[in-house]
Every structure is written in structure tokens, then in C-alpha cells.
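Note that the chains are named A, B, C and D in the order they appear, and that numbering of residues resets to 1 at the start of each chain.
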Amino acid sequence: MSTLTSLARAMAAASGTAQPACTVRHVHLSPRPLVFIPLALAGEANAPLAALVGDDPGAPNLLVVPEPRDRDLRFAFAADLAAVVLRYTASYCADQEPTGGRDPGLRYADAPQLLVPNPGGIAFTRLLGRSTRFRRAEGPYAVAESVPVLGRWLTFFADRTESPASSLMLAATDALSAHWATGQSPAEDRNLAVLLGWIDPPPGMSGAQAAALAEDPLRSPPTGPATDPTFDNEVLDQRILAVRTARLTGGGRAYQRAEAALTDALATQLTPTWTLMWRAAELLRGLPEAAHVRRRWDADKDAFTWHAGHIREGGPPQPRRDGAVSAAGRLANTERVQEMVAAQRAFDDPLVMAEYRMTGEAFAGRVAAAEPDRVDATGRRRVLRPRVTVETGDAVLAEPGATLTSPARPSQKARVIAVTEANGRTRVLLELQGGMGRALTPEPGSVPAIGEPVCYAAFGDGYQPPPAFPASEDTPWTHGGPPPRYVPADEDAREDWS
Amino acid sequence: MTSAAELAEQATATILGGLAGARRGLVVDSPPGAGKSTLVVRAAARLTDAGEPVMVVAQTNEQVDDLTDRLAAERPRLAIGRLAGIEYTPAQRVVRHQHVTLSTRLADLAGCPVVLSTAHKWATVRGAPAWPWAIVDEAYQMRSDLLLRVAGLFDRALFVGDPGQLDPFSAVQTERWAGLSWDPMQSAVAVLLRHNPDMPVYTLPVSWRLPASAAPVVSEAFYPFTGFRSATGPGERRVAFSTSPFGRNALDVTLETAASSGWALYELPARHTVRTDGEAVAACAALAARIVQRGAVTHSPERAVAGVPDAGTRIAVGTAHRDQAQAIRAVLRAGGLPGVTVDTANRLQGREFDIVVVLHPLSGRRDATAFHLEAGRLCVLTTRHRHACIVVARAGVPELLDAHPSTEPVHLNVPVKFPDGWAANQSLLAHLSQYKVRAA
Amino acid sequence: MTEHVESLERRIGGLRTAVREAVLAGDRERAAALRRDLRQAEQDWEDALTQAEAATPQEAPPVQAVRSGAAQPTVGPAPRPGSEAREPAPLLPLREHVHQALSLLTVPAAPRLIATVHEAFFAGTFATARLTSLKRDEERSFRSAPFARPYYICAALTADLLAPARGLLAISTWPMERRVIGSLSLRVDFLTAAIRVVEAIERLPGPVPATRRLLWRFAASIPGAAAAAAQLDPFAVRQAAAAELDVHQATDQHVRQAAAQRARAQLDDAQQLFGTRTQLAPQIDRRRGS
Amino acid sequence: MTGPEARLARLRGRSLPRSHNARTIAALASNPGCARRAILDAAGADKQRLAAYAGFPAPFGQSRFALARGNAFEAQVKAEGAAQLLTLLRTHLNLPIPEAHYDDLGEVGGNASLDLRHARTRTLLARAAASQDEAGTMFDHPLLRLEVGGRHAFLEPDLVAFRLHGRFHVIEIKSFAVIDGQADGDKVAAAAIQSAVYVLALRDALAEQHIPPEAVSHETILVCPENFSNRPVAVSLDVRKQLTVLRRQLSRMARIADLLDLLPPDLTFDLDPDRDGVPRRRPAELAAAIRQVEARYAPECLSTCEMCFFCRDEARGCTAALGRDAREELGGVEHVQTVLRLAGRIDRPAPGTDLAEAAALLRQAARLRAEALREAV
């Protein structure tokens, strides 16, 4: 959030329609995402109730747990889900492409993408992954072979959502509200139906009106994983009870009838969201893709390729919690990536950059003066150090000595020599280095010309190397010493799920 | 009753004595200005005297240079190594010592029984034999994950730090690690003690910096469990003004109050403002300027000559946000007072001044946030001064605190952090309210 | 027929929405009224369908199912699939089943435990809800014709006030000492019950999964009885239970005997079986906290 | 009745008073700045009913499954003299084996009267605190009392445990899961502050018997299902922070009187029920009455307060409705329209006046936004 997005909210509130918060799309959107809409039984840690899942808008798979408190049926559900998810991920394990970078290798040419309605969907996925990935296909409480594999994939997707750079799994509400500002609070934006009401109201209706209507759980059922309490109390309860009783009294046609009734009821809660999800994808696709998105998606492809290999080679499942070293490594990495993504977003999107101009971390203006051929002879050898003076109306935080970067010339560093203010405008004298070719005269266009509109930011989108951490087996005494190696225990596989 | 000096000396003796028998090392909590650096230097000296090589870890080049300078002065014959990064520009106070070797590579410092550097630089050292001892300074500002990167370099360590100051911070979501004993977001000391609960923790009992007027207040608000006292007694630290005011405007009354009591609360009329509140900015600058104009002279028993804040170099203004600091700096520059230090709490950590003007983090706000409530922030701002602290705030801060919803999520197995910012703010405000001066 | 069913289904759908609207609007009265209509409609629908399916007699009419379910939602674990659950054979009345279970346990017990024990050892489940009414029937029968029956399913009494202890059933032929409950008695009885269950298991010809599950329920709450469900050894459970029993028994006995004497001295026959109730001036209704 | 009491009664009207409970007391900390909520709670008004009648029913209901799960779990850990709980306490508080007493305070001699239960609770707890021999270990559903704004509220912790030579521990049984050592932070926060309420009440009860507050531990025990199972697990909660906040907020309940003075003397939320209890008051009129008491709406209310939709509707057009951050970032300007007028240079406040700084901020934001959007196309 920033003053600019808040202003956009204010404008949306006044006008009754959502306002753009970005000018380009900052997330990757797969041409064939896997939409996953889970419903959970209220009051339970992670009791799947039903799910609508599939990569074809025209052909959703409806999975139902007719008896949500029944362990065996839950695993049956997990197996059904595995069938869909694993078929989908497998479909990306065919064509390969060479990886860029220092150590060239092969990676899968594209990666899967999971779309859930909201952050709750991500949390549910993480828990479902947690509750299935330690299971085993043999021994006590054996489950279908696909179940633990599903668990590891779901965990993988959920974990990736913690990386600001990843698009492997997206929550529709997050993706949408990152690109549009509504006239309501971020808390309310977490309701997909309402959010879409703002962004994409039906003809003849303002966004505000559409949103208000969408708040009625009868008109647009909650997008999960939580269900509407009145649905639980007035519909679901009887339907589940009917199924249970029919089962006790020997199944047969009564059971089929009861189960069908339950399935219908759950379908009424899920199908509206299915439509919303594909509409959301469509809207996002409508935005032009930001320049850096492709590069970030490549990293996602690498991650996907690595994990697929890890599973294929029989590597262990993800641990319950991070060890000391992996926790520190993950934090450092996330911080690095977050900084990088923030910079990339600003460089790709003037509206995002405007937020930094607001705070003075960046400024834009026109080149008022330039010495493109200036050569610095003070050092051992003469070097090309052109100077430009940028005049701007923006606030400027940068102080002499600071190094700035321009989205137009990311490979070029600009050192602040002087900052002077005159009648409300600021003049910044910059000395340029790099990105001008080898000679003592700059390549054409490599130095901003007088009158050229330019923007300079206190941050660059350059790559910082990850910090080095000790190997996990060298965890020092300050952090509890080396952790025990993971050995799959029967206890893991046996863990109740009731 | 024993004198402050004796108390402090006893404590230091115990700590230095404790070094010998320490299995893994020990932790020393140091309230503001309690002689943390002195202890570090003496410990380093003591260990090297005993023939034990020592690596000294501090958090910033600034801190490393200070320690290097002081150690060099304390041990003129000791070969001292200053390990630095490539981008480091050597400080005069370091290079002037001939027995200090400066290098970017540890190999070049092989001959030095003691090597000082920043944690980040140490973290890049690989394959060196383990040091028998490390001294880690500002350990509460050091993050657990940074300690993880350097801890492999030493067998035992003396961790010194101020538990009351700002906690390590991260811009990313960290719930994932909540409750883990090695949560990378903890401070180095926190993670250390959770894995070595038997490690002895000492406290330095005397603040040399804070005056008698501040020690009890600060101690109660920010160090509820380990109290401390001031080295100087009531009235021993004085502020006098070489000129007397013409009228009695609010600024001068505030100065007088601060001079006589060590505290003052300059209260602007209640108003919700934008983050950089022009009036508050002006007030902070005006107060700082006025201190200089009035030729404030500070007397303290331990200093032979009275410190004269020439052009305000002994004066600082502290804020919560960078843009606030910048605005105040601009006004002071325009007013011909570039000497006055203006900075945020984060940057003022570990620094010391005679008189400090504080723009209260909650001044003019509608809602308090975790950031603005953080005990450490207020603690840093109100513990930089040797003589007096003037807090500038809009009226209504107590109401703001009372209206503050306390609904932060609670994570299991996470030790509760004390003091709680909300409570600390309440208690400090209660004290300040006695020294309130309403802006004219 | 079918169009009748379909119109019913439309009506049901409409009513469901109406009910939820009423609930959402906070209109409790209207919601209740609509629910009544809904239940009626649902029953008509079921009836219609069962008529249509009259050809399949082996199937118990689900009408009951839905109605009873609608009357009171079940709380607690659902019957597991495959556990060949069936109502107890009609030849034995409910009180007999309870008597069987209690006699096995030899201590006052709560309906849920009674039901589980019975299911484990005598195959056959019954809704615990039915047990609460059972005690009332027994009291009525006793008061109309005292001691007409060989035994009554009666209450356990609180040691201090000799009032019926919440949710405990006992057998009238037990000595009063066994039927009064001091502050340690529930623990003592729990351990005793554990031992009885072990003995019962040892009497069984072969292993019965249900009984092991029951035993684990006990073992898990007795120090040193068993590390995990996997290595559950009846003998060890008995040892552990006995060991802890030794710690409590004397203290508990002491309290119980004293209470029992008071009961015999102060209470009439009916009260001795079903307890007394502390009478009070009617309280003005205050909603409970928490 | 006179003074605030009478005043509150008049506000409540003829409906039954809803006395405070742990949840409403805990709520004191969730939006302490809101006079409307403070008054309605103090008056014991049925917020759910009022909001619904005024046309803004609360958005949240309780699912039957959640309730069932909650009750089932509590029943399970308390079955057979709280056998499962006892096992947990033995390891968690290293409770000695002989300490296995269980006293059911849910009713007294088959009578569930609150006063009777409260009296008995006090006697038993006092006896336990005083005597050195086994005088109770687990007290099931003791009934405590806490003074809130001059009125007594009855409070019913799930269970209070007492350890010989030790202290009382408040035990809260919740049915949300603890998975790999962590649980939903908001649910835990709610549980923690509720436990803190019980700690206060318990300390009060014992204080009457001159037993020092330390007798009640500030470490309360949370009992939850572990991972995905029904197996209970116990975790300690240090509720010192929550206690500080609660004490402060309770001490501020006195200000209710001052708040009342600000209200028109004839103000009431009575629904004017007829003989069969059917309300006759015009909803619009009730709404007007409620609006007389100032609210402090924030989107956070949407998950915590029954009045939220009412207040949100009232706050429409205010920056507060966009969230605390948004309002802050919009320079704290009260109304959306003002924001836009300032941003669009329609209003130009003179320098030094209240809105001048906000205006500058918003103008710059508007300028940058416009520029960026122009640049994009």
C-alpha cells in the first residue's frame, strides 16, 4: 500500500469502479492453469469436504467427501485429487529447453500453475500437503501410492507462494488486488466475488453495486475453503446425515440418492466460484505482461524442474519445519528476491515507479544540461565520465555520493555529484559510468540527451549473490548443532487424520 | 552503599573473571551507556594477554573502527588486525596507529592475535582455523541468521549488547519460522540462549551516560527485570545557558524545564497530521536552534572542562522516519546549524549526545502501529543524552494509546518479549507529563 | 408421480433459500417457521420416492433416518464404515444392554463409555441419547412399584450433597460405597474399569479389534500402560492401572464409606437410588458467561 | 437504581440484559476506542438483534459443525474424570500421581443456579489454596465473577487446575488444531486474552479470601487437538501482556459514565415490543438512536463486532472505510470527497491550515499518478 494506491482506492470509492493500480501485469499467467477450489468442513483442522478442480473451463472435476469425518474417505478424496493434479504436472514434464545462466543445463520448457481463489486456498493446500506427504503406500494405514506424491507437490506449490518472484501458485484475490484498486478495504478485497464485482461489474451496474450484491452468500457462495454457516446448518448437515444413515442402514439406492443430493448441494456452492476463477484469469491475461515477468517465470521453471527430479530420484519429502540452516537460507533468499522484484516492478511500470517518486527514492524529470564527452583524467588512466544535470519537480532524497540507476539504462550507474534547489524545482548533477561502450566517446544514445525525459532510482534491478551459509550438518552450537538426518518413521505414516 | 564506580568495577571484574571458566562463553546485557565498548576492549586485552587469539565482531564499520581505535590505545604494543571489505574507506582514527594492520584478506593478518571486523565481513571468511574466542558486540542488533554464518569461526564467545534497543527487522513474512528455537528473525542472543540455556548472563549495573534524572525512568520503562543506576547523582549533571531569554516564550520554558529536570515534553495542540508534521518539524528544529542560541553549557563532574555544544555538535534530534529527519535537517541547514545531528532511531543507536530532542513516534498519529509502538525505538530515542531529553509531541498521545487495539496474532512457543511497547510508552508518558510545556 | 417429486424438489429448494435468508436477516422466528415447512416438504419428498421404490424391501426406509437426524444433529464421531453397526437385537431391552456393560465395568460410567463397551464386547450400538431417558424411566418405574424389578439402572451420587452425579449411570444392586462419587472416585473407577476391561479381553477366545481400541482409550491415559497403540499389552495395562490404583484407593475408600453411611442414614429408598436435588428459590434467568 | 446503571438500563430497554462474558470482555481490547461498542456492551444490549433489526445483520454465523467439533473435543478430553487432560497435566505441570482429584462445578446438587455454583467455586478454590493435603486438582467449569464497569459478569473457564504446593492454572480447551507446534495466530490470540480474563477473575475471587495474586499463574494452558488427530496436546501461554492490557481497559470502564453524559437523556435502543414480544419500533428510528453514539469503525470490525455492517454503512464515503493504512496514507483526511477535491486542486487550503499538508501530499500523488498513466498509454 502507498499513497498512490490509496488515492486510487479513494477514486474507486467515489466513482464506484475499480481503478488500475498497475499499468502492466506483474505475474505470469499460464495459458492452461489448474484451477483448484477446495471446500473444508468447518471446525476441523483440514477436513476436505469437496473440491472443484481442472485445467479446462468447460470440464471441472467435482470431488466430494460424502462423509467428511471418515479417514478412509478423505484419503480416497486425496487419491482422486492426486489423479487430476499429477496428470496435470506430468503434462509439463515433456519438452525441455536449455537454461540460461552460468551453468547451462536443461529445464522443462514450461511449468504448471495452480490458481486458487484466495489466501485461504493456499493455506488449505499447504495443510493438505502436510497431511498427505508423509503417508506410505505400504505398511500400516497404507494409502494409494499417488497420495504422498500429491502431498509433496502441494507442499511445493504452497512453499513457492512465499517467494515474491514466483507465479507457480497464485491466489486470484491477491493477483487481482495487486493490479486493481477497489473502493473498499484490503480485508474486503479477499472476497473474490466482491472483488470481481468491483473490477468487472455486469453491464448496467456500477462496481460498487455489483460488489454489494456479491456480499450475499446466497447469491454468491463463499469462495472457500470456509463454507457459509447457514449452508452448513440448513443444508449440509441434513445431507451428510442422510448419507451416514443410508450407509448404516445398508446403503443401496437410498445411499446413492443421499450422496447425489449431497453432491448437488456442494456443486451449488462451488460452480459460481469456478466461473469467477476463469473470469479472473481472463482479466489478468488482458493486461500487457511486464518486461521482467518472463525472467522470473524461467526461475519458476527451474524450481519445477528441480523438484520433479527430486521426486523422481526418490528424495525425501519436505520436512515438517525448516532446520536452522534452511530457515536462514530461505529468509535471506526471500529478502533478496523481494528487493529484486520490487525494483523490477518499478522499472517495468511507471505507476509503480511513481510510488518511489512519491517517497523521494526515485525522481523523474528532463535533462537540462549534459557533457556527454566528459573525460576524467585525474586517475591513472583517462576514463569516460559524462555528466548530466536532471531537473525535476519531484522530491529528491538522494544525497551526493549516492549511486542511482535509470530504467532506460539499467546497466549504467549514475553517481550524484550535487543536488541544488531553485524555486521549487530540484537540479541533480549526475556522473555516468558504464553502458557506453569501450571508447572514450559514448556510443550514440548511451548518454541521455538534453531535453530527454529521464527517471533515476536509488535502487537497481541488478543481481546480488546469495549469502553463504554453513552446510546443515555443520550447524554451529549456537543454533543447536547439527540436526538429526530425516528418516521416514512409521509414526509419520500413521498420524491420525480424524 | 557502594559507589557507582565500585559497582561497575565489581561487575566488570566478575565478567572478566568469568571468561576463564566459561564453557561456551557468556552474555552481558548492557543498558545504554553502561561502558559496553570499554568492556569489549578490556575483555579483548585480557584474553590476548592470556595468549588467547580473539576475533572481534561488531555490526557496522563505524563500531569496528571505534573499538579498534580504543583497543589500539589500550594496548600500544599489541599487533591488531582490522579486517575490512573492499568498499571500506579507512578511518583516520584507525590508520594513525602503527600497530594496526589493515587488510581485506584474513591471511594478511595471520600475525595478529586480535582481529576486528564487521559480522558481514567475517561471514565471508572460509576455511580459517577456529578462533578460541570471539567477542560479539551489539549482539542484540545482530540477527540470528547472521550469527549462524559466523558462529562456525569460534569455539567460545562473549556476547555484549543492549537488550532494550531496536530488534532485528525484516521486510518479509516470517511467520513460517515462528516458535522455532532457531527462528532466523530472533536476535543473536535470543537464539544463543534458547540453545544454551545454561549460559551465564551478566548485567552492567551502571549507566555512565544517562543522568540521575533519566536512569530510574528508563530502567523502569525499558529494563523492568534488570534495573540499573546512573553513575552521577542527582544534580551533578547540569545544563546552564550563557544568555538569558528576553521574554518567556514556550521554547525557553521548555529549555529551562529540561535544564532543571533532565526532561521536558513540548506539547503541540492536538491534531492528526501527515507523517511529516510541519509544525512538529519546525518545533524540533527551533528547540535545537534555541539550545545553541542560548549558548547551553553542560557541566558534569567526570569532565574537567564544561562541554560547550559548539554549533550544536553535542546536540541531536531523533525521529522515527527518514523523511521526518530529512525535513528537520533541511530546516536546520537553512538556519545555519549543520552541526546538529538529525537522524532516525535506527541510525542513532549506539551514539551519545549532551542534549537530545525527540520527535515522539506517535505524535499526530491516528493509529499506532507495531512500528511506532516498538519499545526499542522509543528506548533508543530517549537514552542518547547525557544531560537532558526534550520530547516533542502533539497532545492526545495517551488517548491514542488507550484506543489502540491489541489484537496482534500470538504464536506458540515464542518467548514473550519485554518490555511491551504499549506498556513502555504508557509508563514513559506518565513520567513526561510532569514536565509538560504547552507550545504557545 | 415424478412431476409431483419435481415440484416438491423445487419447493424444497425455495424453502431452503428462504430459511437461510431469514437466518441471515437475524429473524429467528421466521426461520423456525420456514424450517418446519421445509422438514414437512422433505418428508413428503422422501415418502414420494419410497413409494416409487416400494419394490426394494430390504432397505430400511430412510424416512426415519432423515427425520431423527433433523430432530437432533448428532455430535461426536461418526460410525466407521465397515464396523458392522446394527441396532441391538430387539429381544433384549436397552436396560439389559446397559446392565451387561455396567456389570462388566463394575463401576458407575457415562453413557458414551457404556455404549463403547457394549459395542466392543456385545456387538451392537445404541444412541447415547437414549440412555439419558432410560434413567428417568427407571426412576418412574421404581417409584410406581418399588423393588418390583431385580435391578434398576440408577444414579451415582455425589459424595458431598448426595445428589445425582452428572451423566453417570449405576446399578441399584451395587453397594452404596460403589455408587457415591468423591473427588478421587472418577479416577479410581477409571482405573478399575481399565482392569475389568483387561480381564474381559483375556476371557475372549481371540483378539477383537474393537476391544483393543477400547483398551487403548484407557491405556493412553494411564502412566506406564503403553507407549503407543502398536505395542499395547493387556497385562502391562493391568499392572499400570493397579499401580496407580494403590496410590488413590485408601483415600477414596475413606471418603466413599463416610458418604455411603450418610446416604443410608439420611435418604429414603428412592433417594438412595436416584439422589436428592438441592432446592433453591427460582433464579432469575441469567445467561452464562464464556 | 440510579446513576449509570439506571441510564444503561434505559438504553437497553425491555430486552433481557446480555451480561459480559469472557469474549465480550476480551473484545474491550479489540477496539477500545469505539464508544458505540463500549456503551452497547455496558448496557448489555443484544448487538446481533439490534444490528439485524436496523437492517444490517452481522455477516458471521456459527457453523453447526464447528460447534459440534468444539463440544465433542471438550467432552472427549474431560471424559472419565478428565482422564486425557490429567495425563497432559501430569507431563506438562509434572503433576504428582496422587493429584488426580476432579470436582465438577458445572452444577451443584443437580442445580445449575449461577449463584450457587459461584459460591461453591469460591469455597472449593479457597480450600484448595489454603490446605496442604489433597484438596482438589481439577475444577471443571468453575463459575467466577468479575466486576466490569460496576456490574458483575459471570465467567466460566473450561477448567482450572491446581497443583499441590503450586499455583492455579487456567486451562482453555479449544478445538482448533496445533500443527507441528503452531496454530492460527488470531485464534491463539483470542484464546490468550480470554484466558487472561479468567486469570483476572480467579485472582479477584482469591483476593476476597486474602490469597495473593501470585497464587494464579500467568502461564495459562491451552489444550488443542494435535496435528490432524483428536489427540489433545497442551501448550503454555504467557498472558502477562494480555493482563496489562485488560487491567488498563477495565480501569477505563469508569469512563462509561462520562460517555453516557454526552448522550441525550431520552436515548434508548428499546424495540418497543408488543404483548407477544413483536417489536414495533421503526427500524429507521432505532438506527437513528444507535447513530447517536459515536462509533470508531475500521475494517477489522468486520470479523469481530456484530454492529460492523451498520457502522460500515455509516462510514461509507469516509477514508476510514478503506482501512487504517489507506486513511493514514491519504494524509488522515476524513472524507473521500475531500481527498479528491484536494487532490484535484478544487479545494486549496491556505498554507498552515489543517489540511494544507495533506493537500500538498495528495496533489503530488494525483500529479504522479496522472503522469504515470499518461506515460503508460
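As a convention for this text, a contact is a pair of C-beta atoms (placed from the backbone, for glycine too) under 8 Å apart; a residue touches a chain by one contact, two chains touch by 3 or more.
Given the structure is predicted, the values throughout are model-derived calculations rather than measurements.
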Worksheet item: With respect to inter-chain C-beta contacts, which pair, A-B or A-D, contains the greater number?
Response: A-D
Fill in: Closest chain to global C-alpha mean, per-chain Cα centroids
D
Discussion item. Distance between chain B and chain D based on Cα centroids, please, to the nearest Å.
Written reply: 38
Worksheet item: In angstrom, rounded to a whole number, how far apart do the mean CA points of chain A and chain D lie?
Response: 34
Item to complete: Find the geometric centre of each of chain B and chain C from their Cα atoms only, then give the gap between the two centres in Å, rounded to an integer.
Response: 65
Practice prompt. For chain D, write out the residues touching at least two other chains, lowest number first.
Written response: 61, 64, 68, 181, 300, 327, 331, 361
Discussion item. Touching at least two other chains at once: which residues of chain C meet that condition?
Written reply: 23-24, 73-74, 77
Response to the item:
Residues in chain A with touches to at least two other chains are numbered 228, 230, 233, 237, 321, 498
Worksheet item: Touching pairs of chains, which are they?
Response: A-B, A-C, A-D, B-D, C-D
Worksheet entry | Complex interface listing, chain A residues touching chain C | 67, 69-70, 72-73, 140, 216-218, 228, 230-231, 233-235, 237-238, 241-242, 244-250, 252-254, 257-258, 490-491, 498
Worksheet, complete the sentence: Residue positions on chain A within touch of chain B in the complex are 162, 164, 321-325, 327-328, 330-332, 334-335, 338, 359-360, 397, 467-470, 474-481
Worksheet item: Which residues of chain D touch chain B in the complex?
Response: 29-33, 178, 181-186, 188-189, 192-193, 222, 235, 237-238, 240-242, 244-245, 248, 252, 296, 298, 300, 304, 324, 327-328, 331-332, 354, 356-358, 361
Worksheet, complete the sentence: chain B contacts chain A in the complex at 24, 123-124, 126, 144-145, 147-149, 151-152, 170-174, 176-177, 180-185, 188, 191-192, 195-196, 322-323, 326
Item to complete: Mind listing the chain A positions that touch chain D in their complex?
Response: 1-11, 13-14, 20, 23-24, 41-46, 127, 130-131, 183-188, 215, 227-230, 232-233, 236-237, 320-321, 349-351, 353-354, 357-358, 364, 394-395, 495-498
